[in-house]
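The same chain A turns up in both complexes below, where it pairs with chain B and then with chain C.
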Partner chain A sequence: MSKNVGIVIVSHSPDVAKGAADMVRQMVGDDVPLAWCGGAPGGGLGTSVEAIMTAINAAWSEAGVAILVDLGGAETNSEMAIELLPEERRDRVVVCDAPVVEGAVMAGTEASAGSTLEHVRRTAEELRAA
Partner chain B sequence: MNLEPALQRKLIQAVADQVIQHADELVALDQAVGDGDHGLNMKRGFEAVLADVDKISALPTPEALKAVGMALVMKVGGASGPLYGTLFMAMGKGLPGQATLVGVSDAFAAAIDAVKARGKSDVGAKTMLDVLVPLSAVLHQGGAELSARLRACASAAATATVPMKATRGRASFLGERSIGHMDPGARSSELIVHAILGVLEQEEIA
Partner chain C sequence: MTHSATGSVLIQHEVGLHARPSVKLTQLAKTFRSKIEFGLSPEGPWVDAKSIVKVMGSKTPKGAVLHFQAQGEDAQSAVQALIDLIERDFEPAS
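Our next item is the complex of A and B:
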């Protein structure tokens, strides 16, 4: 298991989520645990709490997991997914307030340097004001 | 407090039917101010609840409410999943031991607070809270003809979201252009409350 913070990308569109994940992978190779999910339960645009939980577990790292989301429902569903995780994992997952594609690439790059979860989150969130 | 399984089944069926029958209307409302998926999302959620109606109705009421909430959380696919899911789950958690109006009213108020926290929102942002919060006040007052007053309150409160400007959710992207449309979440809250009251009136509980 990687010591680096894991990255999860959550979009309403599976195409967007996968595309963003491809861009992260291009930057960081296999140095960072990475998972993505997109689409409502049963298909169509949306997000699924269950799929987000699966993605968090797939990208799990003892250093924690940073989630990048696109729009409202993706954020609310991600927060719900975090709450449904086992207690010992809940405090080590954060939702970044950052644009999904740029945020994921920045967070992934920061994570590949071995930075802490808080540092990874701050790096992604620097994009907010930009 | 604990409701009979038969009554729980009627309540679940009535709420699910109401939401599913109005799915197109909710889609149309959401197309005006959002991404147009509210009706389909809610329909998918309540179809999942209906699929488990036998199992859920047989549970003690607090557990049944939690099961309804969890089905919505898992199956809706939009923000309304965690929002309505939290409402039902928190209601289940807060139900009083004995069925009293004060106890139920307090549980409803606590559930609304949980929805506020989940959605990081409050009244006036053109959301479901603009229906739930006024309803909570009427429930808290109690008194004569409570069911009729709750019905009227839900409808008036949903209508009152029409002139509001959305500051939360996808509708907030529209800014001023969100004015003049009813909030789809306010409408679905009205529909759900009317369905519940319909059953309680029929059973002469309310």
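Our next item is the complex of A and C:
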């Protein structure tokens, strides 16, 4: 298991989520646990609490997981997914207030250097002020 | 005693210091303990080489000369490693 913070990408569109994840893999490398999810359970645009939980567990790291989301429901469903996690994991997952693609690359870069979850989150959120 | 080092290198990568090169430079800078900064002129202004947001935000174009300055125990090897990375066009060390 990686000691680096994991990254989860949640978009309404599976294509966007997968594309953003591809960018992180290709630019940042393989040192960061990474998972993505997107699309409604029945097909079409949307997000699913269950799929987000699966992605969090797939990208799990003892250092925690940073989630990047696109719009409204992606954020609320991510927060719901965090609440449904086992108690010992709940406090080590954060939703970043950052653009999904750029934030994922920035957070992934920071995570690849072994930074803490709080530092990874701050780097992604630095984009708002930049 | 504080160690410091400086060095400069010409950016020849075709798109300059854009997304992928910025990530590589930041990742390498973060493997050193020293404080590392670069500027487009020897007088600055200075950009924190360990901040991916600031490195990418510098929008350094092809043909620019990057001036590094580092302070700390491994300053010398940090500056050399970063110059090497740019000189081999951001490819992994062989």
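Note that the second predicted complex is superposed on the first by the 130 of 130 C-alpha atoms of A that agree within 3 Å, B and C clash if a C-alpha of one lies under 4 Å from a C-alpha of the other, contacts with A are read in each partner's own complex, and residues count from 1 in each chain.
In this text, a contact is a pair of C-beta atoms (placed from the backbone, for glycine too) under 8 Å apart; a residue touches a chain by one contact, two chains touch by 3 or more.
Quick caveat, the model's predicted, so the values are computed rather than measured.
S.K.: Chain B versus chain C on the shared chain A, clash or fit?
M.R.: When both complexes are placed onto chain A, chain B and chain C end up side by side without any clash.
S.K.: So in the superposed three-chain picture, is A:T109 touching just chain B, just chain C, both, or none of them (first/second/both/neither)?
M.R.: It touches chain C, and chain B stays clear.
S.K.: On the A-aligned overlay, A:S13 touches which partner chain: chain B = first, chain C = second, or both, or neither?
M.R.: Neither chain B nor chain C is touched by A:S13.
S.K.: Between chain B (first) and chain C (second), which, if any, makes contact with A:N57: first, second, both or neither?
M.R.: neither
S.K.: Check whether A:G72 is in contact with chain B, with chain C, with both or with neither, and answer first, second, both or neither.
M.R.: After superposing on A, A:G72 lies in contact with chain B but is clear of chain C.
S.K.: Calculate the angle at chain A, using C-alpha centres, between the directions toward chain B and chain C; round to the nearest 10 degrees.
M.R.: 150
S.K.: Quick check: superposed on A, how many Å separate the nearest Cα atoms of chain B and chain C?
M.R.: It comes out at 26 Å between the closest C-alpha atoms.
S.K.: Shared contact residues on chain A, chain B side and chain C side combined as an intersection?
M.R.: none
S.K.: Under the definition above, what is the set of chain A residues touching chain C in their complex?
M.R.: Listed in rising order, the residues are 26-29, 105-106, 109-110, 112-115, 123, 126-127, 130.
S.K.: Note which residues of chain B are touching chain A in the complex, please.
M.R.: 35, 37, 40-41, 44, 73-83, 85-86, 118-119, 169-170
S.K.: What does chain C use to touch chain A in their complex?
M.R.: 19-20, 23, 26-27, 30-31, 50-54, 56-57
S.K.: Tell me, which parts of chain A touch chain B in their complex?
M.R.: 40-42, 44-50, 71-73, 75-77, 79-80, 84
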